[in-house]
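Sending over a structure as structure tokens; questions will come in a sec.
Letters A, B, C and D mark the chains in the order given here, with residues in each chain numbered from 1 onward.
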């Protein structure tokens, strides 16, 4: 059985940029060591190398473009983040939506580079479509709950169970994560009970007064 | 059994804008009357009403945004094209790519208004994903063949058969059209033999010296 | 001296779509006849032809793409809206932002077709840049005030006077309109006193219980 | 008098990614030391830190988004590249076009972080508009010449002199760079004679069989 996946998106929060991103990654590494989870940190592109050189938990990029080597100024290539040490990436986050063809090209480029992929979606229908592209994970997040502090597992449990069911029918190998509003142990527990294999979260941990304590509270949700 | 669908995209060609668009639509109506096909014309948004008032074959829009009534300046809503007389729309043409969430929202808005939907895709993987969103049709078009004069049915028959197979497994109700480089009767015939239910075409007919003759040549492909 | 310009953006409001758009345009024509103003209505693309055939005040499009004739599916060309009867267009509205090169190409395409152009901007710096592209008008609208009911002329008069001054230095032929939150006669009066030559407005009139009365209240602001 | 600026855009070329990017940056540093030029290297975002830690010439980013700290997944912030050691950035490259409001926000964010800005443009009109936003430099590049090997200074000298003149009238403090197709000493010399203060280049150097020799040939153009 796969370990529960906890994916912490640093976004561009000041509390998770540059040296603060490194410090937060170290906290994640330390706290996660006490639990049976796979903890993933997702810093800004410019910080990937710094963090990969200093922590041993997996580091993901927040975005990868669906282009390869060539004349693509300003693109984030799978090869460049792989070279910096990343093990995977988010794709199509609601704050960085991609065209359908770009999502497919990005997944394909990541596959070539051996990078894991998490495609973000906004409802059951798009989850179903994203799963058909065979990423490693789909993370369903109702946009209106992102950053709200209201956990999707409580506000809209049907979107999680519906997504799990839809993915099972289209591409059962794809794992379903859920996100939006999740920050506490009980939210994580509820998310797992609804059939997800982990969570994608951000502000609830990053903007907490005490990031370490917030993370410990979250992970307590998977204790016996 | 459904009739073969012939979808003619007017793009922004001068030979298919304004009064020329109306004239071309009349030719389509006349020529198609002699065949067992459903002929669809796809003019620019500003020309939809003019054409709908003057021909009786179905008129589709080239694009519909996934937004409803409200503060959305410059968007093409399903309601507005419905009001102008359209019966359906292309979505996500390679010259007007949309984000995954937008495609889903557009299909959903069209469903509410009773409009038929054709989602365009660029390869088998995106065809599979698009079918999972349950449009009426998916039209697969390798971008490099669009406007090339080299028919997809000859250059890459595998993309057509692969798309037909993929759609059958994910959502068998969705019809597969194929496009890119198609203009002659033999191309259409080959496309149907590969399992598609029709074709999406443009420059091969629109930019022909004699549009009527080009269309007649195309439709001859479905004769006995 | 130029007449005061009153530009009413219909957006995709249900109260300004299809037949309701035609009805509203007629109200605009009737009410404006009593005042020394140039009243412009800005319906959705699919409604342009219907309105142009039935009213004699200028009709603008909400958006024009910077492309010409050719392989541009889903684009709104200057030629297509000109053919439908439009006399001009908004470009780069905050709900339909364009790239810098697209704005320039759109202005250029409109110039070729003899269409008037209003480029929308969000602050003094972008107003200055937009004016450098030599459209007929720039309409400055702080995005946070759009649809707010709080008139820019009261909330941020400095953005209007600053825009007027900036345009005067870069390209004095360009007229400055101001928008966002404007609906009443006193708002219009204040806007003109700040140096603008007119206003761009939407929800304050369109969503009013009585559109005719709202418009009359607005225009009373330019009386003696 | 300012030193001639040579800006080498690494794009996503394999010959300029990861360790190859570092090696190329070292070559740039060594070759430029022999000339009275300011040499700038522009690697992918994920490579900025690696290069900044190992060379002392200025390192620019290929792109910066116009957003600050907060909920902006996948964005490249001015703060993040500043933290990684960058001294400036390209903005609005033809392979990464931005909306007008984004360009202005990006310049503004860079100014706050003390980063130099080079806004790329495609013709005289957009150069004029970009200069009105007061970046440090504008780099004019006719898109059709990018990667062509045909130097803009030969194919279209009027776009360079026209841009220099336009910028002088709108915002004389802004320096004009020229780009597209430049690779040899004579191209650079011609560019400077046309009034530009330097060049933006890419494939001509990066894809050369011998990058060092290509760079030396280029810089020979500014010798006595």
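One rule holds for everything that comes next: contacts are C-beta pairs under 8 Å (C-beta built on N, C-alpha and C of every residue); 3 or more make two chains touch, one makes a residue touch a chain.
Here's who's who by UniProt: A, B, C, D = Triosephosphate isomerase.
Note that the structure is a prediction, hence the values are computed from the model and not measured.
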Fraction-based call for chain D (Triosephosphate isomerase) against chain C (Triosephosphate isomerase), same above half, different below: same
Fitting chain B (Triosephosphate isomerase) to chain C (Triosephosphate isomerase) on CA atoms, where both chains share a sequence, rotation angle to nearest 5 degrees: 180
Rounded Å distance between chain B (Triosephosphate isomerase) and chain C (Triosephosphate isomerase), as computed from the means of their C-alpha atoms: 34
Computed distance of Cα centres, chain B (Triosephosphate isomerase) from chain A (Triosephosphate isomerase), in Å: 37
Chain centre separation (chain A (Triosephosphate isomerase), chain C (Triosephosphate isomerase); CA means) in Å: 42
Touching two or more other chains - residues of chain B (Triosephosphate isomerase): 94
Category of the chain touch graph - line, ring, star, complete, other: ring
Pairs of chains, among all present, that meet the touch criterion: A-B, A-D, B-C, C-D
Chain B (Triosephosphate isomerase) contact footprint on chain C (Triosephosphate isomerase) (complex, rising order): 9, 11-14, 17-19, 44-50, 61-63, 67-77, 79-81, 83-84, 86, 90, 93-96, 146-147, 202-203
Residues of chain D (Triosephosphate isomerase) defined as touching chain C (Triosephosphate isomerase) within the complex: 92, 94, 97-104, 108, 121-123, 125-126, 128-134, 170
